[in-house]
Amino acid sequence: MRILIINPNSSLEMTEAIHKSACGFAKGDFEVVTLHIPESSPFVATYEDHARAASGMMKIIRDNNDDFDAFVIACHGDPNLDLMKEICDKPVVGIAEASMKMATMLGDRFSVISPVERNIPNKRVLIEKYHLEGYLASIRAPQKEDEGKNEEQRLMGAARKAIDEDMAEVIVLGCAGFAGLDKSMEKELGVPVLDGVVCALIVASGMVRYGVSTSKKRRYNPVF
Amino acid sequence: MRILIINPNSSLEMTEAIHKSACGFAKGDFEVVTLHIPESSPFVATYEDHARAASGMMKIIRDNNDDFDAFVIACHGDPNLDLMKEICDKPVVGIAEASMKMATMLGDRFSVISPVERNIPNKRVLIEKYHLEGYLASIRAPQKEDEGKNEEQRLMGAARKAIDEDMAEVIVLGCAGFAGLDKSMEKELGVPVLDGVVCALIVASGMVRYGVSTSKKRRYNPVF
Amino acid sequence: MRILIINPNSSLEMTEAIHKSACGFAKGDFEVVTLHIPESSPFVATYEDHARAASGMMKIIRDNNDDFDAFVIACHGDPNLDLMKEICDKPVVGIAEASMKMATMLGDRFSVISPVERNIPNKRVLIEKYHLEGYLASIRAPQKEDEGKNEEQRLMGAARKAIDEDMAEVIVLGCAGFAGLDKSMEKELGVPVLDGVVCALIVASGMVRYGVSTSKKRRYNPVF
Amino acid sequence: MRILIINPNSSLEMTEAIHKSACGFAKGDFEVVTLHIPESSPFVATYEDHARAASGMMKIIRDNNDDFDAFVIACHGDPNLDLMKEICDKPVVGIAEASMKMATMLGDRFSVISPVERNIPNKRVLIEKYHLEGYLASIRAPQKEDEGKNEEQRLMGAARKAIDEDMAEVIVLGCAGFAGLDKSMEKELGVPVLDGVVCALIVASGMVRYGVSTSKKRRYNPVF
Amino acid sequence: MRILIINPNSSLEMTEAIHKSACGFAKGDFEVVTLHIPESSPFVATYEDHARAASGMMKIIRDNNDDFDAFVIACHGDPNLDLMKEICDKPVVGIAEASMKMATMLGDRFSVISPVERNIPNKRVLIEKYHLEGYLASIRAPQKEDEGKNEEQRLMGAARKAIDEDMAEVIVLGCAGFAGLDKSMEKELGVPVLDGVVCALIVASGMVRYGVSTSKKRRYNPVF
Amino acid sequence: MRILIINPNSSLEMTEAIHKSACGFAKGDFEVVTLHIPESSPFVATYEDHARAASGMMKIIRDNNDDFDAFVIACHGDPNLDLMKEICDKPVVGIAEASMKMATMLGDRFSVISPVERNIPNKRVLIEKYHLEGYLASIRAPQKEDEGKNEEQRLMGAARKAIDEDMAEVIVLGCAGFAGLDKSMEKELGVPVLDGVVCALIVASGMVRYGVSTSKKRRYNPVF
């Protein structure tokens, strides 16, 4: 089985972190290739970032359609995910969709940790699109008071408030760039902490193994 | 006041119909310019059609930002509307959003007439995004039994079923290409029939007159 | 075009403020007349205030039906709005409905600033009636700590908390009596601040221009 | 214990039917008085009917406040119920609210049988106000094909479709005028059939016995 | 009329408190018997507690089916309530369902006071099952700062915050063991405070008097 | 990796079908053991069936906790799933929850095919518990007109109506006993058809591989 992970931004550093995390999960049982979009933004967050990544993402899917069994979109905004599902016959899994839906099977309600406050509305809109409001405890970003600390400490501050004040029972890391922090945070917090890339690989590899893919009946039918 | 209408597809015929309908409403009180996207699909419906229209739409907005007071996106899928709101300082109004929200002020519940059944799920997803399910009677497309008839007759068949069977009290024409059919249908049906372009012009011209535009606080802030 | 604004309370001062704000928007392009209800409460807030205003409002509509093109109900509780839509053939627009629905097209989520805390549940019930919960950040009233300040300062205190703590991106002024404060607040807050009377005029004048009015199919049919 | 039932319309015949049904339930354990509103419509259905009944209903409550322990509003549109709760210190119960909430404790989902199709949207709006959509199977009115039959047969036709096609498990009679048909319909249909007046008496007499009444904290506080 | 109250736990002390509260309401007008489940947990809270109580509860219902007119399940988690409704022909009423639905008729929104924070999610899940989110102000448990105080003082602390900070207008006591605290709390708080056992008796005795019981059409049909 | 599948009924034939389907998916990459509950009903559908299966299910989990890495509950009503998540430290996955959530990632909306109409409300209640209404096209059972046909033909009749009339794009087989029919139905229908056992194995094996399990923070904490 071969799964292609598409990092929709142009950051090589983030691509490597994603790939490392993916390989750690795949353990050689299936092959993982991770590609980035050179002409994309270094960080994909705004609607324009999504739009700028679209053609590169389409090209990757179309160029690799025959050589891979499934595709993972490795940005926690699930940019252009509907588009990818539409143009591709193989399973396409977004890391936000997979991690948040996996979270609903692991505890009462989940919180998403967003890199910055500016993007909280965009994440909420995505959560509403997936009909997940009933499972949402909160979306939190690191706060100003934690500004001097390192990334993990800042995420921990937001996660602790989510658990204590918002009654979260599961934490979803809201950025592909947080790859690798899940297990150390989980150990300290005492609740499941989910990395989206791993969750998407669970879903994508499972779909391949089961032999199912996106329904082409209407919404994702490429032919109008 | 100058309003630029962007038809996200490449059809000159549809562009003209939209422009005619818009001018009929503006009556010279404000200026309307209507542009299409030559490199776009002749009909914008799939997610790929949306993606293909994005760069042309961005270019139009950026090239014309200083010369116009507001922008209207004239496709009933509201393609790339969030993106346009994000990159533009002036009001940007989608014809689906404006017509469906106007419909909620004119009767109990509305039905959208979709050009084809294939696109009904895509329209429902849009309606859910706008939190309008509570106002929705149904989304209907012309049925096979009406295939030989002309476009207005086929839309009338769907609209009548929406009113009689789904309890719709307002009809929303679900395609910019239906421009010009509203008043004759309204006369026959006895309930309001809304053309999206006109509704968007009401909202856009009102915003200009009032001096308000998209909030740039978080979700539509172009700077991450 | 002639639009009649009905102020459902008996306050002449508020009627003048509303009228001034309306004329500032109409700029002579359409005629605006503003009437109050002498036998009504000086401030309309409770359910009894609504009931006491009903017959006066009905009388105004019926007496003026032929002389005006549309009617605006200028109280942010939208008192008797369904009744007015039922008995009138011309468009009738409530300032709460119009301003809150306009707000949804201008940013991610809106907050309503209520004159007093006591009325927050009543406003929430109205928002639920309009299926707008998905767009609501919060309803806030000025707080005790701001009691000594002037009205605008007290509203500003509530609006700032709505933006910072509740993630509001648009502010809706929740009382017709706040007319005239929108633009100075908007300037300070950096997000759209909506006056209901202006928003209702946008919608009402647009409906007149478009030639549409309330559907009489079932819910607003005056004949049972 | 003394309970005053207010029939908001002017029909003596309906008042007697309501009173008979109420007395059959009270069985002399508590006293029931039933009053109508002479200046009201003979049948209360439209928003104007509601408005016209308001002052008479207020007068009855205020004139009888000291002599009764609770009040029941006996019209299945619950006209002016919020107003009555606001102006009265004693419990006030609407027959629609009581019967539909009682229905949710007796089976999976309920259907309301409406006297006529025209009023279905108005009933749906009331159901949404009570947050009961999750318990609603359908609202049905007798159909044209049953026009020649007597009232009970016509209601039975609608109820049977509700049970068979809409999966209703409980039937709520959607008009105070249907009083007395519940038990014969229940016998034939094999599912609970609820008369609103009886349900309201259960709730009202229970509140009196328990010594609780409407919260005056905010929403129903008569003082603004 | 004879009503059997089932206390699903094994605490004799709680059984007595429930029985005393029930008799105080019944005032001899109907007979009340209260039984506990000796082999159950002393306090029923976890899912395992629910499961362990099931067979004892079923046995009580089946052994007493012919001798009683209705059954009340006296634990505010409504353990096994669907099961009891399914196996019993007589009305079965849960104290959580009855008290929370009664609360919705007494004020704008209610808060539930939970014995401990750990159980708040379980209570929220129950509230969602009853489609009561639209009526919920909050679920609150006594806080650490009140630990030294007696039970009523600790509940009062939580209830005051619910009223002041969460805008609750009615308080629901979220544990059968709080029986007897309702009236003293109500007096101090100035809003209705509901004891579940009393509310369930109102509903159960009313159903008996009316002659209605659980619909056996589908969901609660004991035969598959 | 070792996964224990619990068939909550007493049917050996169904246990074998489930086991065969599971082994076909596991392909020897992980070990699967399938156990039934001898003292349970031959078919688990009613609330009493759920209750009767509980102690046997608890015993299996507790006896095998140390020897297995995850547990699957193989009945499409997800009986006692919350209880199992509470008492077990290892991942526990229900086939209804897993298959319906997997379905949401494979197409616009799904329909569940229920063995019989009587159980449709019970399935809807489960779907509401999982907050999946927004993804639900319909729940359908085979109809009387198909009674003479074999099981697959009867399911096909219901599935075809779900796709054509209810706009379903994915079919979820609503009974563990339908194991083995997925791929032949999928081939004929042209949309994904999901077997719950396979979907639960995808989720359960993925959780084991990732090293995550049920959050014990509050709702599923076995200690009150």
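To keep things simple, chains are lettered A, B, C, D, E and F as they appear, and every chain counts its residues starting from 1.
Keep in mind that, in the parts below, contacts are C-beta pairs under 8 Å (C-beta built on N, C-alpha and C of every residue); 3 or more make two chains touch, one makes a residue touch a chain.
Keep in mind the model is a prediction, meaning the values are calculated, not measured.
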| item | value |
| --- | --- |
| Interface composition of copies chain E and chain F: same or different, split at half | same |
| Most distant chain from chain A, judged by the mean position of its C-alpha atoms | D |
| Pair of chains joined by more contacts [C-beta pairs], C-E or A-B | A-B |
| Cα-centroid distance, chain A relative to chain E, in whole angstrom | 42 |
| Gap in Å, rounded to a whole number, between the CA centres of chain F and chain A | 26 |
| Multi-chain contact sites of chain D, meaning residues that touch two or more partners | 108, 120-121, 125, 128, 134, 167, 169, 218-220 |
| Arrangement of touching chains [line / ring / star / complete / other] | other |
| Set of all touching chain pairs, with the criterion as stated earlier | A-B, A-C, A-E, A-F, B-C, B-D, B-F, C-D, C-E, D-E, D-F, E-F |
| Contact footprint of chain A on chain E as seen in their complex | 120-121, 125, 128 |
| Complex interface listing, chain A residues touching chain F | 25, 27, 29, 91, 93, 97-98, 101-102, 104-108, 130-135, 163, 167-170, 183, 186, 190-192, 194, 198-199, 202-203, 205-207, 209-220 |
| Chain A residues touching chain E - in the complex, by the definition given at the top | 108-109, 134, 167, 169 |
| Interfacial residue positions of chain B with respect to chain A in the complex | 43, 45-51, 54-55, 58, 80, 82-83, 86-87, 116-122, 125, 128-129, 218-222, 224 |
